[in-house]
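Okay, so chain A shows up in both of these, paired with chain B first and chain C after.
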Partner chain A sequence: MKEKKRTTAFLARPGVQTFISSLLCIILGLFIGFIALLIINPGGAVKGILNVIQNFMYYPSQAVRIKYFGQTLVKAAPLVMCSLSVLFAYKVGLFNIGAAGQYVVGAGASLYCALALHMPWYICLLAAIAAGALLGALSGLLKAYRNVNEVISCIMLNWISLYAVNTLLGQVKEAASPYTKSLSSTNKSALLPNMGLNVIFKDDYVTLAIPLVIVVAVLIYIVLEKTRLGYELQATGANKAAAKYAGMRENRNLILTMAISGGLAGMGAALLYLTGFEQWSVTQSSLPGMGFNGIAAAFLGGLSPIGSIFSSYFIQHITSGGAYVDKTMYAAQISDFISSLIIYLCGFVLFFRHFMAGMVEAREAKKAKGSGSGAASETDGDSSSDKKGGEA
Partner chain B sequence: MENYAVEMLHITKKFPGIIANDDITLQLRKGEIHALLGENGAGKSTLMSVLFGLYRPEEGEIRMNGQKVEIRDPNDANDLGIGMVHQHFKLVECFTVLDNIIMGVEPTRGPFLNKGEAREKVLALSQKYGLLVDPDALVEDITVGMQQRTEILKMLYRDNDILIFDEPTAVLTPQEISELMQIMKNLAAEGKSILFISHKLAEIMTVADRCTVLRKGRYIGTVETKDTTAEELSAMMVGRQVNFSVDKKDITPGEVVLDVSHMTVASRLHKNDAVRDVSFQVRRGEIVCIAGIDGNGQTELVYGLSGLEPLKSGNIVLCGTDITHAPIRKRSSMGMSHIPEDRHKHGLVLDYTLEDNLVLQRYYEPEFTGKGGFLRRANIRAYAERLIEQYDVRSGQGPVTIARSMSGGNQQKAIVAREIDKDPELLIAVQPTRGLDVGAIEYIHSQIVTQRDAGKAVLLVSLELDEVMNVSDRILVMYEGEIVGEFDPKKVTVEELGLYMAGARRKEAAR
Partner chain C sequence: MLLLVQYTLVFASVLTLVALGGCFSEHSGVINIGLEGIMVIGALGGALAMKFMPPGTPAPLILLLVTLAAALAGMLYSLLLAVAAINFKADQTLVGTAMNLLGTAAATVFVKAMNTARDVSNVSATIEYIEQKKALLIVDGTEFNWFMVITVIVLIGAYVVLYKTRFGLRLMACGEHPQAADSVGINVYRMRYAGVLISGALGGLGGIVYITAGVSAWRFEYGVAGFGFLALAVMIFGQWKPLHIALAALLFGLFRALSNVYSGFDVLASLPIPSAVYNMLPYIVSLIVLTFTSQKSRAPKAEGIPYDKGLR
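And now, the complex of A and B:
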């Protein structure tokens, strides 16, 4: 009896509920991915889904494994930043679907500073943060003073950013290809320092970005939970009218939030492009998925900055793993298909959590009734927590 | 066996965590007015929702004229002749009265509406029961009283025999209330059976034949009103004797704390100004009460004072300083406390913990925010614990309880604690007891009076005439955005106030 009570209390903790629901989403996503593979080509399904889960473990050699683990980390770092960006805005009641655009201008600013202006890496990084913050602040301004829904303005700015950046970086592209010049041949000082991590991972792309991302995640956690700024921003997000009533400058808070959020996404781009891992293609006509995957990563991580680190890694892990699915049995797009299925399922974290909270509550109610105390509290009609509408 | 129009026998309805209705029996005789009395949260609404088919009870049955019936949804209820006038009217504002009445049951001739027939029926009903309405007026242009009569006609037009009135007097002036009482009596005399939900004892004593009392989801009893007294009913409702009057010391008001001159505030809803050229003062040691019917500019007046809305013209002076254009934070730090009208919209961040809500007006002070902008959590906890103890705020988990999960009364107590503990010069309290039970009302009134006795200035905005008469030292009546009269509560009757509240009379407020 006592034992059972403890499990209930354990399950009632929000952190535990989030963790379990995230796991459920992952399992469900993998399962549906497996079903999809079965339908397309039953013969390779088991192997295919194992490839996705294994990712770099596909290789037998320890040395190769660690190299590809490093590369997964390299791509996970910007994803963590994008998910922090989405999460930070969401905690303040804003849906930053513009992380994609802020990521793009971050890439544009850092690469232009590196390739055209020959700046060192830290200037390029700061430029990326500034560019992202500026774009975010623009959406915040429109929201605060013109009540333009941030989702609408962000989506439009996403495309504006993409083509603006394509135009800008057209000036620093290689003559024979649509890609920007490589950092290592044009401006080595713009490459992020390796700090010895390249030796450990036997891969030059593994840089300062990895530890930096973790530091930023912890910082965001501290700002949100421990500071007056976090208290104000989250109060504004949870109840704008109450924030105004308490004398907070709710418009300033909106703009500041979008600026910080945009800065995080912009920084994410710099942390990828300044490793030299990828070059920007100035003919691309679709937004990089990083900003959008950040949304999934933020929810899968239970909207916790620390959770984001793990969820982002996981999403990158299966995305990279998708590349190992046998292309003779499945179309080349299969890897994107499987990972997007799983990412899609990640959106259900809140749903599962809500469901679980309801179950735990019902069980406690049953127990309370058993003990006979008719504590018929005068709960208000609207007390059922209903804050879930925001993610539409 | 007696013939009842409706019998609800042994109804039990549970929600997770609470039993909203616990073995409740309600029997409505044909042609009677039956009051359903209980505090907020006593289970009145749940019981009516069961009767209306919105909830299915776990146990118990409903009978009509002795026959067991199943009410699965509101359509079933309507088919059985059960109609309801909701507390908040369900009318289409930009439609005429007639259109609203026939909506959903429009008479037709072929594919065309036949409004002529409908109009005749409505006029006939209106004459029969003394329900004066103008069928061609738009609902947005008519008074609240006429809107209510439209709702009643809606039920009658549908030939409903069981009429439920959910707190029908909350929005009416005293004159309109007595008209409504007469209408209800007419309806009962014509054989309609009426269920009258209320927590106002005087009205129940006036109009009802019998009264069923609920308390905390349980059935307490049913009494004939002619055999009982208001005190007895109140004791049944609350479970103990209640002190209705408020004890106050005699105090001569001191210096002026709040001086408002020629204040005009624009309306968000329509072109006319919500507050028009209002001037008044509040002094130390007095409770000035703004009385009036809901929607006559009281809300906007307070928004203007607290800084939530800008003034169109006029001046506000607090303790000798002009604060007309001061930001909200400045007003607050200068000694203005504000218990807001809508505790969920303005008063609380519902998803924050109780302790975070208790420092909502003070979190930025050095006591709670240390160097580098870090919150001093230990101090916040200690402060919250003191307030919870001192003001008896009850909650599941103390300081870390999420505000949303607290009861309305305790949410309000938390706000009152926060605003009073700021040690204000001016306390603005807007409907501080709305929706609270008798115990909480007593407590909050005593806290407000304590502030006055301590030499604070208090501005109380209230829609409840009992509260206005009992608590205030001076009454200002607001009608259509203007102050139309100033009264001493000891020298004015409720009826007289009602005339001013309804705009039937006005005099210049003495300054």
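And now, the complex of A and C:
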């Protein structure tokens, strides 16, 4: 009897419900992805989906595995930042689809400071944060004072940033290729410090970025949940008019939210490009997927800063895994396909949670009615009410 | 100059079609951020229809089939939004965003699979339609195509349907005050389905017009470069009214066309402006326009809010 009470309470907890819903999204997403692989080429579907899930486990050697695990982490770090950016804005009732553009200007600012101005890494990092924050604040300003929907303004700014950054970084690109000069040959001081992590992962790209991202996630959690500022911001998001009535400066809060959100995305870019892992291609004509995957990670993580660390890693894990599928059968974009399916399914999370809450309620009602019967039969009754809850 | 006119009209057609699509969806009460993805899938449907058209098919039939295929593909794809937003009360912005990502990813995966199945060495995501495209042109060798005529017909049709028919007025009622609409016996769910499906058909049609503009092959990895979003800006600038939307689309189309053909004008080419500025122009213009027009926005009042019968 005692144990049963605990399980009911366990399922009723919002955190648990979110976790189960997210897991459901992942499983469904992978399953539909698997079906797509089956349709394209039944012969390699099992191996294909396993490649996506396994990622670096594809390699038999332990040493190589840990190296590629490190590289997945390197790319997951900026993703965590982008998902924090999206979730921070979302908690305040804003949909920051501009994380992609803020990420782009972050990359532009950090690389320009590093390659053209030969600044050390911390200045480059700050420049990236400032650039992202400015761009975010611009969307916030337009929303607060000109009533421009932030989704539309962010999308316009995304494309403007892309072309602007391409032009800016065109000044520091290699002569023979469309890529920016490498940090290690031009300005070593701009590389993020390794802090010994490169020894553990046997990979020089693993840097300070990884622990820093976790610290930032915890900070965002504290700001949102434990400070007055976070409370004010969330109150503004819940009801702008009520917040104003309660004496909060609602326009300032809107702009501040977008600035913080933008700063996070901009910082994410710096945490990738200052490792030297990637160079910016100044001819790219589509936005980097990082900002959009950030939306996926934020929702998959149940809009919790800590959850987004895990969901971001997962999204990056399968995105990197896509590189291992047999290219003669499938496109590497199968991972994009799966992660976008997962985002789509995240739209149903609310429904899943309602559904689960309904199930818990139905079970409690049943228990209240049928109390007094033996322990053994009650367990039976419990499992059958489970099914009934499913039908209701 | 003629080139500029051609491209302006082509892009204006795309924007008009897609923005009208958005207009139907929003008037019914559903925000359709997923237009970009719908365009990609519509473009895929149309491109496939062209690719598998047997040679020697009469031109009017090609036009008809391509139009239908694109509209149908877009409509089917928009069901994803309809089901999630109407039946499951999902966050419409989130679902729309997912649809944009999914559209490009699914189209790329599909086209690559198709290409590789035919020729193992071909891992590109490109569909070519050089011969078939000629059937869509009014004057061979220019970009004046029959889609422009279709756009005008759709525009007039949209105006008539929205303002002069019972269906259109009911649709708009569902976007303004669904509870009131329901109380007089209008089925809000069905109306919203109609709105989203119409936007899917028009978005899909816009997609095929976009990928046949000036090129005769399309790499599906590129998506449609933010055109679905530009169309949303056009819709807002056009204040959700079909005729205003068409005018707004002409303006935006002009700026978009400039980035394609500016090098053909001696005056513009000699100016020390990098090409990136021309690429940015449509987006900058739309941002500025929105800054000055959003204040007195006449958006449907209930857009974006899932309809809940219990809330009266």
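By definition in this document, the second predicted complex is superposed on the first by the 331 of 392 C-alpha atoms of A that agree within 3 Å, B and C clash if a C-alpha of one lies under 4 Å from a C-alpha of the other, contacts with A are read in each partner's own complex, and residues count from 1 in each chain.
In this section, a contact is a pair of C-beta atoms (placed from the backbone, for glycine too) under 8 Å apart; a residue touches a chain by one contact, two chains touch by 3 or more.
These figures come from a predicted structure and were not determined experimentally.
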* Asked: Looking at the overlay, what does A:Q171 touch: chain B (first), chain C (second), both, or neither?
  -> neither
* In the superposed arrangement, which partner chain does A:A235 touch: chain B (first), chain C (second), both, or neither? -> first
* Asked: Is A:K244 in contact with chain B, with chain C, with both, or with neither (first, second, both, neither)?
  -> first
* Asked: Regarding the shared-chain residue A:T283, is it in contact with chain B (first), chain C (second), both, or neither?
  -> neither
* Contacts of A:A362 with chain B and chain C, given as first, second, both or neither -> first
* Asked: Who wins on chain A residues touched, chain B or chain C?
  -> C
* Asked: Taking the superposition as given, does A:S182 touch the first partner, chain B, the second, chain C, both, or neither?
  -> neither
* Asked: Of the partners chain B and chain C, which touch A:T227 in the superposed model: first, second, both, neither?
  -> first
* Could you pull out which residues of chain A sit against chain B in one structure and against chain C in the other? => none
* To do: Could you please specify the touching residues of chain B with respect to chain A in the complex?
  => 16-20, 22, 39-41, 216-217, 306, 308, 327-332, 338, 340, 344-352, 356, 360-361, 363-364, 369, 372-375, 377, 402, 404-405, 407-409, 411, 437
* Quick one: in the complex, what on chain A touches chain C? -> 36, 40-41, 95, 97, 142, 146-149, 151-153, 155-160, 163-164, 166-167, 285-286, 289, 292, 295-296, 299, 327-331, 333-334, 336-337, 339-341, 343-344, 346-348, 350-351
* Can you check the complex and tell me which residues of chain C touch chain A? => 33, 80, 84, 88-91, 93-95, 97-102, 104-106, 108-109, 112-113, 116-117, 120, 123, 125, 221-223, 225-226, 229, 232-233, 236, 274, 276-277, 279-280, 283-284, 286-287, 290-292, 294-295, 297
* **Residues of chain A defined as touching chain B within the complex** => 226-229, 231-232, 234-235, 238-239, 241-248, 361-362, 364-365, 368-369, 374-380, 382-383, 385, 387
